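Notes follow once the structure below has been shown.
Going in written order, the chains are labelled A, B, C and D, and every chain counts its residues from 1.
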Amino acid sequence: MAETIDQIFVLAKDRFLDLLGIVLPDWIILLVRILISIAVLLAVAPVVMMYMTWLERKVLGRIQNRYGPNRVGIFGLLQPIADGIKMLTKEDIVPKNADQVIHFLAPVVIVIAPLLVLAVLPFGRNMIAADLNVGLLFFLGVSTFGVIALFMGSWASRNKYSLLGGMRAFAQMISYEIPMVLSVVPVILVTSSLSTAAIVEAQLGWKWFIFTPWGGFAALVFFLCGVAEVNRTPFDLPEAESEIVAGFHTEYSGMKFALFYMAEFISTFAISGLAVTLFLGGWDGPAFLPSWFWFGLKTFILILIMIWFRGTLPRFRVDQLMGFAWKVFLPFTLANIFIAALWALLPYPKNFIADTIGITVILTLLQIFNRKETPKKRKYLYAN
Amino acid sequence: MEILYFFAKTGFYATALVTLAAAILVVTLRNLFHCALALILSLLGVAVTYLYLKAEFLAIIQILLYIGAIMTLLIFAIMLTHRLTDRSVSQTNRQSLPAFALLAVFNIFFIASLAAVPWKINSASLAAKIDTQALGAFLMGPYVFPFEIISIVLIIALVGAVILGRTDQ
Amino acid sequence: MFGWGVLKGMLVTLWNFLLTYLWPKKGIFTVQYPEKKLPLAQRYRNFPFLVYDGTPHMIRCVACKICESECPPKCIYIIPEKDAEGRVQKKPAVFDIDYAICMNCGLCEEVCPFDSIFMDHEYEISKYNRAEDLMVRKEALLKPWEYFAKIRPHDFERIEAKRAAKSAKAKPVAPAEKPSQKPDAGPTSPQQGSVPKNG
Amino acid sequence: MSLPCAPTLKTELLEVSIGPQHPSTHGVFRMNAVLDGETVVKLKPVMGYLHRNHEQIAETLPYLANMPYTDRLDYICSMTNNFAYALAVEKLAGIDVPERAQYLRVMMAELTRLVNHSLLIGFLLNDLGAWFTPVFYAFREREKILDFFEAVSGSRMMCNYFRFGGVKADLPESALDQVRRIVRDYPRFLDEFERLLAGNEILKSRCQRVGILPKELAVNASITGPMLRASGVNYDIRKADRYSIYDRFDFRVPLGMTGDVYDRYYVRVLEMRESVKILEQVLKQMPEKGDILSAKGLQACRAPRMWKPPAGDAYGRIESPKGELGFYLVSDGSPKPYRYHVRPPSFINLTVLEDLCIGQKIADAVIILGSIDIVLGEVDR
């Protein structure tokens, strides 16, 4: 029974294809087999995005001692639909001096990348749309594509705030791409595979990488870099509303604006899903619940943490953001590769000790080298 | 199944066409940013071509490096050095016609030589899959020397960039 | 250690998040407005209204124009009523307040020697038209003295006491004034429907 | 190290007009900033979008009728605006204030300080990018104080509570309990705020060593209020002038060392704690009963149109939450002031904005503006 529920989506797809096979030729079945996965991803992703906006508003509301949306439907559950209708019916404003074609293309292109990367996420046992043997690289490579669309939008708007936002996004992406990829390298090193499915399989049975010394820190770095990649607080400089209004999407309205948001939320989901896949054991979990449930739960928790960040933290300044990437994350991830290699090389008790020592040393060194940037506690005088 | 092959072939030619058309746009469009976008499209076409040739690793690396890194930097540089509203930059000058003629001559020879090469396909290379372990072994084994040279070049470039970007204190 | 302060801050927000579920009364401070409304303080002041005793004919205002001239943004406009011979009566014929201009300061209430203008508790007065709809005429401004007693019982008691003392003092001096008003009110009281005629 | 090729890397300056419609200019304020990348090279504040002729209007009105207009100067702390204006008129006409009214005035002023400082910190954090959470926590506490203001004066923000020679009305029943509750709970809220913010490394690194206002510049530019004290100058009008009955209370004046944004933020936190201390003493010392309006004051407030102060001039000032708020009045013996002038702390503190912002990042310019603590109603008048 548990097995059936676990594989329910896979079985449903197979049964559907079997039924089609009675009437249709083989090549159509082959096409349909591919198209079903694509169609499901394309249908699920916007729904996930819509309810992520609802969740974000709800959780932020609760953090701020408010209710959050609760008017449209029970618990405000229909709010995203109302928002969608509003977005669709809004006037589409294009600035007079904007580059019309690119201004139109940017929101179209920006959703492509986050939708593409969903293909290599293993949502459950046997539930991966395309098990590429370079899946991880595919994810990292395609997700860089988003920044180009983002810059297209910022440049085509002919708005100075947009341009500043685009510049920031560029600089930020370049800086955070490197520690992000480097923090993934230990995983590749230990599993010696680039396939996301294989990475999950290597962690089955509670051997999640987050429980290893190197994995815990790599997961932290990866998650923070991921937050930076998808432009969320405290790294939301490209759209910092208190400084540059709305950054790269200042000049967008209506559905085009919604597409920017959609891209952002789907990439948030995708990055959380990848973090789960790489470090939190993917769909691995106690067998009494289906594998896709565990994947969803873990992703949900990571998304909640991102929202929690947003409800608590102020954002960095540009130079601090860069400094953080280059002076803290980069050296740490480089050292972490070495530490992970030690873990893979040595037998059990020794590797644990070696890793602990290595991490302590690198953290201490980072603290010493960055002490000039670390803020100090202050004392205040009183006058009578 | 033949029909699928037909689709695949059509797709390949379409990709090739888009790649070439984008490449032509790169050298003809008058706006630098548009040129950069066309170049991205062209590079993307190349990546898709790699996918057709079952070289997934290469295709992904093409996207990661050329589009993700190099084009990003290129656009950044364009933004920094040129004004926001610079709409047109002339792409032709007096030498373009002779250059075109020379290129045409060169291309005739190039295509002729390409056609002359017997491209052998053996089953072993078709079946080869990208294995991370093998890749690492190759980089650290037979190809360690070029690999290290590349890293030295990159480090030099990095140091140079740091020196250039440093402000006087 | 870098990051400790961030963690402490995050615990605070987490606690506030949980508090809204564990103890909503303390955790959530917003009010679901159209369904629930906060009780207004008695002294709450919004826009002025005019009081009448008993029936709308008996406006307390005597059209002395003190509030008109004291009003800082000058939003009150008064024309006293005149009888057939053109003598000025102690009654306003026109009493307009432009709610679009009024700034709710309450000075008119403070300076009124006849306790006839007071600040209202009504705050749901959105209108579609700023020029016409927010210019409030006498009929719309008039509200019974009992209404005032309901919204501001404390002030009601105080003013009643003051008025009682005053009328006790005034009675021996001008006994004719009171009876003269009574016949006025007598015929109108049975027919409540004649309110618009007054204005 | 100097390199011959460094100056040839040419980048263009970008002129950005921040405001008047911008999420973090705190109203309709505009900064014309010239940016080199992200660094501010030049910054010109543009004011006057909210100018509404306040001083001229006051000269056409009787003295009391201007009281509600002072509410609208700095609409966050209307009570202290009233206070300063009342002080000025009292000085002009020599009106005394009864004991209980004095305590009520100090109570209102200090509660206003709490409102202003907690809101300021909330909005400063908003400028820093903390998505409204500190603002809402500040609003939560401010709500309680505003409820009290409503119960006492009838309005939450436009209080119009002070009168020449006293206050408009005595406390209603149970209002004193309301204050007691606020005074009891406020330190807990301040602790929560401090846990949320003060230790936060991001906030620290954003605010420390940003927008440093040197002592000399602060004094020369006649900066007042917490901004001046954050630069380390010990000048608090409550101590220096001892107006009203501030000499009866025991409180300290916190001083910053560097004068950066963090000091301006933290000095305000410390000031709130001192305000709570003053409020505790007010509650202890306030007489149970007593007049709230002196006889002379009653005269001035009964028929404002008729009341004529003697000819002369007077300057009344207080330590408002934003700095020295002063009203200068010239009377020619008529019921209307001959000349009426406001010394608005926000406006004068804003004059150093360019000095603070040059060389900082655009993101810092926003928080520097936030830490100056302006309300456009007061800047533009």
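To be clear about the criterion, contacts are C-beta pairs under 8 Å (C-beta built on N, C-alpha and C of every residue); 3 or more make two chains touch, one makes a residue touch a chain.
None of the values given here were measured: they were computed from a predicted structure.
Engineer: What are the mutual neighbours of subunit A and subunit C in this structure?
Structural biologist: Chains that touch both subunit A and subunit C, as defined above, are D.
Engineer: Comparing the two chain pairs, does A-D have more C-beta contacts than C-D, or is it the other way round?
Structural biologist: Answer by contact count: A-D.
Engineer: Select the chain at the greatest separation from subunit A, using centres from the mean of Cα atoms.
Structural biologist: The most distant chain relative to subunit A turns out to be C.
Engineer: Using CA atom averages as chain centres, what separation in Å is found between subunit B and subunit D?
Structural biologist: 61
Engineer: Taking the mean of the C-alpha atoms as each chain's centre, how many Å separate subunit C from subunit D?
Structural biologist: Roughly 31 Å, centre to centre.
Engineer: Could you state the distance in Å from the CA-based centre of subunit A to that of subunit D?
Structural biologist: 43
Engineer: Roughly how far is subunit A from subunit B, centre to centre by C-alpha average, rounded to an integer in Å?
Structural biologist: Distance between chain centres: 28 Å.
Engineer: Identify all positions of subunit D at which a residue touches two or more other chains, and write them in rising order.
Structural biologist: Residues 133, 137, 140, 196, 200-204 of subunit D each touch two or more of the other chains.
Engineer: Give the residues of subunit C that touch two or more other chains, as numbers and ranges in rising order.
Structural biologist: 2, 6, 9, 12-13, 16, 29
Engineer: Which positions in subunit B touch two or more other chains at once?
Structural biologist: Residues of subunit B touching two or more partner chains: there are none.
Engineer: Applying the document's contact rule, which stretches of subunit C touch subunit D when the two form their complex?
Structural biologist: 2-6, 8-9, 11-13, 16, 29, 40-45, 66, 69-72, 103-107, 110-111, 119, 154
Engineer: Within their complex, state which residues of subunit C touch subunit A.
Structural biologist: Answer in residue numbers: 2, 6, 9-10, 12-14, 16-17, 19-21, 27-30, 32.
Engineer: Where on subunit A does subunit D make contact in their complex?
Structural biologist: 60, 63-66, 160-161, 163-164, 167-168, 233-234, 236-237, 240-245, 310-320, 373-376, 378-384
Engineer: Which residues, counting only subunit A, touch subunit C once they are in their complex?
Structural biologist: 59, 62-67, 70, 308-309, 311-313, 367, 370, 374
Engineer: Where on subunit D is subunit C touching in the complex?
Structural biologist: It is residues 61-62, 64-69, 71-72, 133, 137, 139-140, 143, 147, 150-155, 158, 160, 168-169, 172, 192, 195-204, 301-305 of subunit D that touch subunit C.
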